[in-house]
Structures are given as C-alpha cells and as structure tokens.
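Below is one structure. I have some questions about it.
Naming follows writing order (A, B, C and D), and every chain is counted from residue 1.
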Amino acid sequence: VYKVTHPYPEYLEEAVYGLTELHRPEVRKTRLVANPGCFPTGGVLALAPAVREGIIEPYVIVDAKTGISGAGRSADVKYSFSELNDNASPYGLNGHRHLPEFDQELTAVSSIGPVKTVFVPHLVPMTRGILSTCYARLTNGATQAQVDEMYREFYRDEPFVPVVPVAPSTKQTWGSNECHVFPVVNQKAGMLVVISALDNLVKGAAGAGVQNMNVMFGLEETAGLELVPVYP
Amino acid sequence: VYKVTHPYPEYLEEAVYGLTELHRPEVRKTRLVANPGCFPTGGVLALAPAVREGIIEPYVIVDAKTGISGAGRSADVKYSFSELNDNASPYGLNGHRHLPEFDQELTAVSSIGPVKTVFVPHLVPMTRGILSTCYARLTNGATQAQVDEMYREFYRDEPFVPVVPVAPSTKQTWGSNECHVFPVVNQKAGMLVVISALDNLVKGAAGAGVQNMNVMFGLEETAGLELVPVYP
Amino acid sequence: VYKVTHPYPEYLEEAVYGLTELHRPEVRKTRLVANPGCFPTGGVLALAPAVREGIIEPYVIVDAKTGISGAGRSADVKYSFSELNDNASPYGLNGHRHLPEFDQELTAVSSIGPVKTVFVPHLVPMTRGILSTCYARLTNGATQAQVDEMYREFYRDEPFVPVVPVAPSTKQTWGSNECHVFPVVNQKAGMLVVISALDNLVKGAAGAGVQNMNVMFGLEETAGLELVPVYP
Amino acid sequence: VYKVTHPYPEYLEEAVYGLTELHRPEVRKTRLVANPGCFPTGGVLALAPAVREGIIEPYVIVDAKTGISGAGRSADVKYSFSELNDNASPYGLNGHRHLPEFDQELTAVSSIGPVKTVFVPHLVPMTRGILSTCYARLTNGATQAQVDEMYREFYRDEPFVPVVPVAPSTKQTWGSNECHVFPVVNQKAGMLVVISALDNLVKGAAGAGVQNMNVMFGLEETAGLELVPVYP
C-alpha cells in the first residue's frame, strides 16, 4: 500500500498491531509494536463493539473529517493556509493507505465475517482533530438503550475511550489521549451511526505510542497520559 | 417539522418547490416558490441522476460539512468563535428539519420507489460552504465511465451544476451560484459516492431565489448570477 | 532592496509610481506604471492627508496585520495551515522590502520635510486583508473634527477611499477595491492614530493595476472594479 | 473605569497589584491580590526594563493583537464565528478599561517620570493568544547588544519570562504560563520595538492567579504551572 519495500521483513511477523484497546494481551508480550494509523483508531474504536456483537451488516462507511496536522509538516502548496482556510474537501477517493487497517482490524473482532469498509477522509480547516462518522445497517433491530449498554460494557475498563452521552466534538479531546465514542440508532432508517472524536496528534499518534510502551514495560497504562483536554 | 402553524395555509397548494434544476417547468408557471434548504440542494443535486436512472438502492446517506453562516446570524455562545474554531462536531442526530425535503425530492425523481435518507450535518470551522458526501449501494454494477456519462448528460444544459473532473472543494464555489458534483464508483465495495460542493449563502440561499425569480419572470436564468468564485 | 539587478534599467526613469490617488496626473500620461506594494498602499493612504497638511511630526509608525495570501503561493512550511492557524507573529523586524516605498511616497506629499517610517508587519491567521494601524504625534493640537474634515476633503472625489465613520475591519473590504480610512485623535496623548483596511489581493494588488490601466487608457477609473465587498 | 461601585472599598487599600514579576515582595505579604489584566501583562512586561533603565521617552505605544477568548464567553453576534473569521479589527479606540493599568504600572517602575501609554487592541481570528508590539523612542542611543543584555538581566531569575532570541509568536506560548519578550533596536529610526507573546487564558488570566497564590502561600512559584506550550 505504501509502495516501499520493508527494510526488515523478518520483524514483520513478530510485530503486533498496537490498538491497545483491542490487543492489550499481545502488546504486553511483544517487543515490537506497529502503531495504528490515526484514521483507523477513530473508525475501529467506533465500530468494534457493533461488529463484535454482530448487530450490523459487515459493510461499513467511515466518513472522517481531519485537521491539517494529520498531513504531517511538509512544504506543499496544498497544505498552505490560504488554500485550506475556509475550505473543506475530500481526498483519497481512489483508496487511502489506511484502508487495509480498517478491514483487517474490524474483521479480527468480527462475529459477522469479513468486514468491508468504505473510507472517505476530508480536510477541514483546523489544526488538530479527527471526527469520524460511521454508518452501518442494523440487522436485528437493536434499540438505542441496548446499543448504549453494549458500548458502555465494551469500553467499561478503558481509561481512554469514554462512551459519551451527547454528540462529541474534536475540541473536547484537544491535547488529550481520549477517543470519545457516541453511538446513535436511527430507528426509522434501520441504521447505526457512531461518531468518534480524537486528537490525531495524541491518541492518533504519539499518545498511542506511549500507551503501548506503558503496557509493554508493565507500567501504569495511563502514565504520562493523564492529559486534560485544553478548552477552548 | 418547524413547529409553527403556517400563517397562510391556502397558499401551500399553489407553492412550487424551487430546486430549479428539477422543477423548471413548474417554477416557470407559478407565482409562489418555496426556496429549497441549503442542505437538500447539495444532497439532492448529488443523488438525483443516480436515483432517476435507478442504479442505486433507495437508501442513501448524506454526510454534510457546513460552514457556520448556515446557522444564521444569531447571538448564541455555541456559534461563538472560540467554541467553533479548531473544532468539528455533528448535530441534528435525532432528526434535522431539512430531512423531509431530501426524501420528498429524491422520491419525486425516483425510478426505484420511495427514497429514504440518513442525513447527518456537521459544523466545521469555516464561514461559508457545504460539502456533501453521499453514499448509496450500486445495484447493477455501473462503471465509473457509465456513471460519469449519466451525470454529464443529466446536467448537460444546466448553467450552475458542473460535473467536475476532480474532487471538488467548497472554496472553488465561494461566492458563486454553482453546485459542483463529482460521482465516484467504489467498485470493490459496490458503492456510489457522490460529492457536491456549494456556497450555502448563494446557491444554498439567495442565489437560488434569484435563479427562480429569473425563471418566473422569463428573464435569462443566469441574470445577476454570473458570479466568479472568489479564490483564495 | 530586492537584491536583483533590474533587467531593463532604461525603463526605470520612465516608470510612474502607481498609487493612483496620489499620482493620477502622472499615471494618465505614462506608458509604464510601477504598481505599489500592498503594505504601502494601506499605510500611505492612511497618513498622506496628515503629512501633506503638516499636522504631525515626520516620524510615523505603521503596524500592519496581514492575511497569509500576501506572502504569495509558495510551498513553504512556514506558510502551512498548522503553523499559522491560531497564531500571530511579527516578521521583517530587520527591515521589510516595502519600507523605502513608505518613506518615498510620504515624503513626496510632505509639507514637513522627509518622513521616516517604522514599519512592522504581522502575520495573522486569515486569508486576505491588511489592517494598518498608524501612529504619529500631533504637532498643532488638531481636534477630531478638524482631522475628520481634512481627511474627508482629501479623499472627497476618490471612488475607492471612503473615510469611514466607525472603526474599519478587513472583512468590510473583502473582494473589493476599497481602502477604508479612519483617523482618530487621541487628545490625551497628543497622538494621531489612523486605521486603514483593504483587501491585499484587490486594492493591494490586481485591483490597483486595473485602476491604473483604466486611467492610462482614458477609461472610466472604476471600470471592472465596481465590486461589492463580500460579507460574511 | 469599569463603571461599577466597588462592593468592598475597604479592601482596596490592602490589595496588591499582582503582576508577580514586578511585585513579588508585596504579593508574598498580602492576603488580597488584584490579578492584572491580560493586555497590561503583555505590555508592561515588554516595556518595564526599558522604562526602569530610562533608555526611552516616557511616551509608549502598545499595539496588541488578541484572540477572541479574551472577550469572555458571551453570546453576542459580534463574537460569532462568521463575523470574526478572516477578519481583523481594532476596538476600544476611545479608551480601553485596561489603559490605567499600563500607566500606573509603568510609572511605578519608571526612572523617567510618569509614563503615558497609547494602547490600541485588535481582534484577530484566533482562539487564544496576545501579541503586543510596543514602540518607544530611544533617548540615549542604546545598541541592540546593550538592550539585549539589559532585558536578559532584568528577567534573569524569572521562570516565566524568557527573553527570546528570535521574533516570538503566540502559538509558542499556547497553553503555557510563559510571556516571551523580544526587544529590537531600530537604529535608523531611533526607536525601540519590543514584542511580547503570551496565552491570555494562562499567563493573562488563571495562570497568573495560580502563580500569585503560590507566592502568597510560600509554595514553589512554578507549582502546577510547568505547562509545556502545545504545538501546533
């Protein structure tokens, strides 16, 4: 996908995919972790409970809105202020390098067979943050109360994934290692909509790395990550 | 939906829904036009060709990203700069007042029976612009080339709805009466994704009103609307 | 100042400095105009009346706040969205290439001898617009009413330089060829403060070029420039 | 200035003006501190060394650029996103309530008699941050090296006021209790320009309060304030 040859392919087998919430036991035992992409972190955490409990069809849509820092710090006219300010645009419509991570990780926890993801990222004019709006058809008529209970149970012991009671926004996670998750049942359309919000530079990047390191080294998982979101 | 009693219900029957591109003959003959909402304009123009030609299932998703001016000019903390800058958030998850317009208008041109829309609008930190990302499952395996041809044909004589060759962005329509439409076939997932971009204060509001007035009064439809998008 | 050798120095003598409001007769007769920089346009229009009437000391400060498009469309990390969003910074503190234009043009209209300018530009996170706040000490105790009258008289016949009755903002000139000027007498400190606002991509660049062309070719000076500022 | 009657005037005499860097001994002994305004903090810290050492005239200009959160969290159309985005504007041109604080505090450390301040604040489209550009005429021809030395000496033991070696920007102080100070000698114009940058919600508000509390209670002055600026 990335169009490079891996320089140390012998390590690939040993490496563990480090979305801590789904792979804590493996992370604990490995000496090599592959940090997840910022987009899959938001999309997979939003959909994993529904996929594992089998309440949706295995075809999911992840519509992501990302701040510009997700693109890194490259000198490119397309990332310049005047091009991006007061502008919203989709990209990667012919396939994004993060797509295989979605399918692989959702399928790994799936009770409904292989999961296929349609993923469309969008640049919106902010520095940080990813808001993911995920859509899937409900197969068994789960109610809002049942889905709420299912999500709260799934993330009950997770220090960084609160299931929030109102629609999240990226600013509520700014500078923190949290990923807020908010499932909504659209009864009329038979659709599950799950929103997640995170800071792509913390939970979507360096924060996740620290979290994995803490687990690997037997430290408190939250060590160095007790960051209060900065607002406004 | 709006929770008010219409003060002149006797006029309702006479009024024509003024999405000019779909209702030009009726607009020409009426003396009363109901201007469409800014969100339905973007979503319906994106999906109408596919719905009329019957290449998708009648269940569609419209994920919209809107600038703040769409909320009007009210004094409310939630529209203040510090709350919205560097922030993205969904709203109206329990139903938006524009939802019935989507279903009504898409159903009116449908060759696949009543259309059901899931509509999720999002506030992103820009002044103007609506980017709508629309999703629907393809039913007959249409190719990208076929869909391109179908869309270009549908909007061939429309002065304000170019079918664009690359992914659109809201800034490309800033200050103009244009709605850019861009259909993408995701063959692997069997999904049609259509992006549309418009300026909510022109094509999504006053511009559409002028366009209808021009048609009603037998003027050149583009009179007063030959606005070049302002960039950057 | 620009550290290049002029390729056609023989034309330099013939060229006229094209701040139309101050050099209309010369522009009318020339076949070569040097378009003014965006910063001097704002600063010189703000201070010219006071300098010509001799009500201030010949030492002036121009503190300018500019949108990012003034930097051109170069691929440079320092102009990227994430560096500039939610950020304000000064630059050119050791001399800006526009500085000689200030001194030359203010001195040309001066009744108080050579004028010396301290010019500090600042990048603020917006796409367009220059707001110039200019400071100079009053020498003869002019009152607010006298200064207002003097400025209105100076720009009485100018189509693009309204002396405005309230503090201007850059957005009020967005997309137009206008430069709003607002003089304030600070009686207590014996200081004249003049604010000007313009769109650096119109009155500060291409619009000024069209204005000069109109004058050179004997056209209506406002031809092609009757642009209404876009708001919001 | 604030047009209210103080409810407990008997406490006024006891209260100490809490710009810690200038009043540490008094803060240590008092039980009542008046927290300084966000604008005076930036302007006074920028100019205090020059005023105390007497190298400038006692007439100073403070041109401040502030993020919107400085206005508080009120519901007012003038603070709404669409009014402020892509906009810069001055305000308080007929006197700002913070003005007396400038004169009082600069005069208190002055070796050149009473100091008179011209203060013009500007709203620029960012959430946090105040950049103050301060101007004063040099009276004794101090060189850049001398001024640098003087400023570094003045703030040598201050944990929160680094004299920085390059032009500061507000984002470099984002979320921290730091006020960056950068003096520049403009030899040609005989002018001292000092730039300061701070986060109006930390050093300009709550952070300053904590700093004073630490001093009053005999705690480590930096306790709870070892905040690393968040970037980008």
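One rule holds for everything that comes next: a contact is a pair of C-beta atoms (placed from the backbone, for glycine too) under 8 Å apart; a residue touches a chain by one contact, two chains touch by 3 or more.
Treat the numbers as computed from the prediction; the structure is a model and nothing was measured.
Common neighbours of chain A and chain B under the contact rule above are C, D.
Farthest chain from chain B (centres taken as the mean of C-alpha atoms): D.
Chain pairs B-D and C-D differ in how many C-beta pairs they share in contact, with the greater number at C-D. Separation between the centroids of chain A and chain D, computed from CA atoms only, is 41 Å.
Per-chain Cα centroids separate chain B from chain D by 49 Å. Separation between the centroids of chain C and chain D, computed from CA atoms only, is 29 Å.
In chain C, the residues touching two or more other chains are 67, 69, 82, 85-86, 125-128, 232. The part of chain A that touches chain C in the complex is made up of residues 67-69, 73-77, 79-82, 84-86, 125-127. Residue ranges of chain D in contact with chain A, taken from their complex: 69, 85-86, 127-128, 175, 230, 232. Remark: chain C residues 59, 61, 63, 65, 67, 82-83, 85-91, 93-94, 116-118, 120, 122, 124-129, 131, 133, 135, 137, 167-171, 174, 184, 186, 188-189, 191, 193, 195, 197, 232 touch chain D in the complex.
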